[in-house]
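Scroll down for the structure; my scribbles are underneath it.
Note that the chains take the letters A, B, C and D in the order they are written out, and that residue 1 is the start of every chain.
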Amino acid sequence: MVIYHLIQRLKDMDICGEIILVPNCNPIGTNIKAGEYTLGRFDPVNGTNWNRGYFFDKGAVEHFAKTVTREESIEGIKQRFRAHLSNAIDNKLAEPWGLGLAQQLNLKLQQMAVNADFVLDLHNGPVSTRHVYIPEYAKDSAKLFNIPHCIFIPNVFAGALDEATFCPWWTLQESIKTNLAREISFNVEAFTLEMGSQEVIDFNEGNIDATSILSYLNAKGVLHECDIKPKAMQRLGVYLKDYKTLFTNWGGMVEYMAKPGQTVKKGEPLAQILNIDDLDTDNGSRTLEAPCDLIPILHFPSASVLSGTQLYKVFTNYREL
Amino acid sequence: MVIYHLIQRLKDMDICGEIILVPNCNPIGTNIKAGEYTLGRFDPVNGTNWNRGYFFDKGAVEHFAKTVTREESIEGIKQRFRAHLSNAIDNKLAEPWGLGLAQQLNLKLQQMAVNADFVLDLHNGPVSTRHVYIPEYAKDSAKLFNIPHCIFIPNVFAGALDEATFCPWWTLQESIKTNLAREISFNVEAFTLEMGSQEVIDFNEGNIDATSILSYLNAKGVLHECDIKPKAMQRLGVYLKDYKTLFTNWGGMVEYMAKPGQTVKKGEPLAQILNIDDLDTDNGSRTLEAPCDLIPILHFPSASVLSGTQLYKVFTNYREL
Amino acid sequence: MVIYHLIQRLKDMDICGEIILVPNCNPIGTNIKAGEYTLGRFDPVNGTNWNRGYFFDKGAVEHFAKTVTREESIEGIKQRFRAHLSNAIDNKLAEPWGLGLAQQLNLKLQQMAVNADFVLDLHNGPVSTRHVYIPEYAKDSAKLFNIPHCIFIPNVFAGALDEATFCPWWTLQESIKTNLAREISFNVEAFTLEMGSQEVIDFNEGNIDATSILSYLNAKGVLHECDIKPKAMQRLGVYLKDYKTLFTNWGGMVEYMAKPGQTVKKGEPLAQILNIDDLDTDNGSRTLEAPCDLIPILHFPSASVLSGTQLYKVFTNYREL
Amino acid sequence: MVIYHLIQRLKDMDICGEIILVPNCNPIGTNIKAGEYTLGRFDPVNGTNWNRGYFFDKGAVEHFAKTVTREESIEGIKQRFRAHLSNAIDNKLAEPWGLGLAQQLNLKLQQMAVNADFVLDLHNGPVSTRHVYIPEYAKDSAKLFNIPHCIFIPNVFAGALDEATFCPWWTLQESIKTNLAREISFNVEAFTLEMGSQEVIDFNEGNIDATSILSYLNAKGVLHECDIKPKAMQRLGVYLKDYKTLFTNWGGMVEYMAKPGQTVKKGEPLAQILNIDDLDTDNGSRTLEAPCDLIPILHFPSASVLSGTQLYKVFTNYREL
């Protein structure tokens, strides 16, 4: 949705450099339905998440770091490193025994992103507020989007595109610092932006999201003579370790009382649960309470819930940015 | 959800006769998920709708009608006919080559309903207003529920529980009229009540729905000393032939602009469609207009739509009751 | 598979008329997987069978029959009737409120078949012998294929392509006979050929199947100077009413002891069933026996079976052709 | 299947110690079907593999190792370590924010296995030969089963039950060796036995598999006065790194020419592939050749294959044991 608005609005803008917009990165996921809803997140053949097959070889980056000298220009290092990364992706894609489908798709996308300074991976998911994943070293960029909830992530690779983009540069910076005591900032940034439910389209909200992204791009100097600025608004941040998942240990029908974005105090109700097997007893309905002060960021999109379901993902120990 | 409230509220009431509440009639459908949503409507093994395996043998009813004399009391006919129906279901269930799973479950439920005067089949489905299916002969009962949208159905069997309940009685009445010129009303009624989305639970709405059902039961004399009366409200009705389905002949992402229950004039926008394959052309987005005056009753629950999708089901040629 | 061999072999043949080969008629069904297997038979969004959305309007055919005179040539009738059918399909496809996806695809295919004299619908399904559905009036054609098991079907429309092809011509013949006492044979034939499991590809068997089809086409005069003749072999036939489905009324793990095509006497074992919930009792395993003399034609493809599963489809009261 | 036979045969045997047989460890996976086949391997809600949610905390084991003295008896260490492991599982299960469904089920099973000396995890999967995963330190046990293909795995945890069982003991042995230069063998062994296709039940083969397992148990002294001995047979082994997966980089229909267990030389045909989109060109069919000498152990169970499918898993660099 936001891609559509970005395309419309960038048409009339003066762009410095190049912007590549890739809609529909999981072409297969988008088309698969089981029942009326879309099975967008994983490969129905084998359960593989469509967004966790990106590539990062930490050892190879550390090895590359050893080739950097105290004198080499930052631009020179960037250029050589991009060639190194691109080459590594090509080698991976040419793996003689082949690769799984998610990994094939991911690597082709990663190859497209290898020369970019700013990589924004736009996601849709369950019922949620807008939120963004930000590498800790780029914390200042949190204020350049109009996104109220920010998650700061460490230099740990778990297979996603943003990590596959920033982990190499972050690792290179750190290795060079260790090796040469030389402090470099490459100014490459990557984010995952969560844009709300995949099952709801709203053209107005899409346009608001486009403004949020344009405000980041403008702040980074990508747009000429553009006056879009980040909104003055409350932004809350957490470290990844404080972004917690609340699993159920029961099955039932659920009314989600706490809405995404809402401040909930410890002990306040999160959900009302209907136990279908006990409708005629006093256990027919009960309330689930917040285990601590928190803000729900997203909840499971269905009212019908099994034991072990990710009911809510929540901010704890959050603070204003 | 409404079952829960009915159980709570009927506990303290004085009931005339017997009320059987059967929650979770498709136990298998309810538990099956593919992705995060629930695949409640059909058997994932073979595509069989869980709610279209009920039983009606028109010829056998017409045959039975011939045994009715001009003198036989209505209560006598009802008793004999119920025994006939119950026997027919038992025979079907004992089919030596077996039955499909949906049919097995349906017939067991139908056997439970065979002695009832009033059968209410409570459904949940996609995003919709509350609506109710009513046999044409029981049109007056439309005003006994607090349901704004009513669909009047003819004496045609398509496999559902309400039809399986009223088609035999309706056919019997008509056959007796033809055979003996005797006009009888058996006062057996059956309805399908559509209670909104299966993916949203709301305890307050469940209680309001319970009041609606209690108001019908009270009007029918099932509850003693109960003062729940149908609400004064607008009720709109259509014949089944005017309850139309609008299919897509394109695939895309959809914003549902017309909301269930809303009056839409011919030519007004129903939906805004995003064509992912043409985002960068003028065909990136377009509007779908209402082909005639209508009221959307439900729309497809997902924003991602293929060609041939049931986008909306709508009232046309409706009138106030 | 057989399509591949037909293409290769027809390349070098002298064809009289035109042969249209349409591989992959359910493009969507073929690509959908849930787990490792293919969900080929129904639309996973709504459970609609991909092969039951064809079109037949019996009333319109009877109406058309009234326009036929005693003098009109057979070729003249055929030409007019084909135009009538083609027009009816076009009208249906242009339905202003749209059509479901299966129906859209089916009607486009039916339109391609409307001018054909011989329509062969090639299916794959579960674990089965080769078998063929033949309209009763074309019984003699059973001996033109090399297919051991033949099912003769009456003039009843259930939505399949073969029926959608022959029901109109059959109904027209019968109406003309009734109206004018004129006996006409239009020599239009349609069949559904079941070519074994969709989950097993065997190039050799595909070639054998191609020979079987070429032998039919040759007998019908489609191929010039071709010496492929039907094999001398045992062929068994049943009426559709004697082609029976054996459903389970239990769930469990199954060893299919009776193989497709094998003669089984009443009381002989069909299957050995493992009851997982009773492994440690004497009910851990039991044998299912044939309820009458029969030949299994196909069985459910999975060893894991629920209650209400179509375990076997079998020939009863079969006879040699 | 094999569980059934083990139960029957162990009934009459004299067992030393205790044998716990747990059939149907993935109760949810076993019951879920999408189409006619069983979706046994992962949770259809979120793609989580049902067999990769077991628990191993390497740091905690190394910490425990420091409490072991040079004098402590092996039995004493085992007893204390079992209490430690059981306690760690309990703590994990009591996680206040809850756990995913697969992990809940896995941990309960792991708790049942914590006191066992021999843990056999019996799997079914796609079309395969019998094969077994064996920790490298227990290589000698490869000859105690009647299983022709053995995979030796290192001390690396990837979430499976066998690893969750042996990684702690293996790590403990190694830590004690490092810390105290004391060589201990705890004689705890764990294996994953792959018993062929989940979609085929064969009572005779189940009994043969039971003999294979009883021969291991007897060799380990679990059975008194039992004369079941491992068969003299060829057994082939590989290291995990040489057990390779061959992915497709095309989609199509496949005939699996090389059968599981068969010796294939480099360049010999593995599969014949039908390209549905090119049936009428010379690219309609082509052969996939073995990239090196190998033995296929399993192949994908469906003939319909997408790009990125695990077509074969094969032994390379294998040797006779």
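A few comments on the model shown:
Methods note: a residue touches a chain if its C-beta (ideal position, glycine included) is under 8 Å from a C-beta of that chain, and two chains touch if they have at least 3 such contacts.
Chain-to-protein mapping (UniProt): A, B, C, D = Peptidase M14.
Being a predicted model, the structure only gives us computed values, none of them experimental.
Counting steps between touching chains, the shortest path from chain B to chain D takes 1. Taking A-D and C-D together, the chain pair joined by more C-beta contacts is C-D.
Averaging Cα atoms per chain gives one point for each, and the point farthest from that of chain B is the centre of D. For the pair chain C and chain D, the distance between C-alpha centroids works out to 43 Å.
Look at where the CA atoms of chain A average out and do the same for chain D: the two points lie 34 Å apart.
Residue positions of chain C touching 2 or more other chains: 33-36, 41, 44-46, 306.
The residues of chain A lying in touch with chain D in their complex are 34, 41-49, 96-104, 244-249, 291, 306-310. Against chain B, in their complex, chain D makes its touches with residues 32-36, 44-46. Those residues of chain C that touch chain D in the complex are listed here as 1, 3-4, 7-8, 23-24, 30-31, 33-41, 44, 126, 197-203, 253-255, 272, 274, 276, 279-280, 284-285, 300-304, 306.
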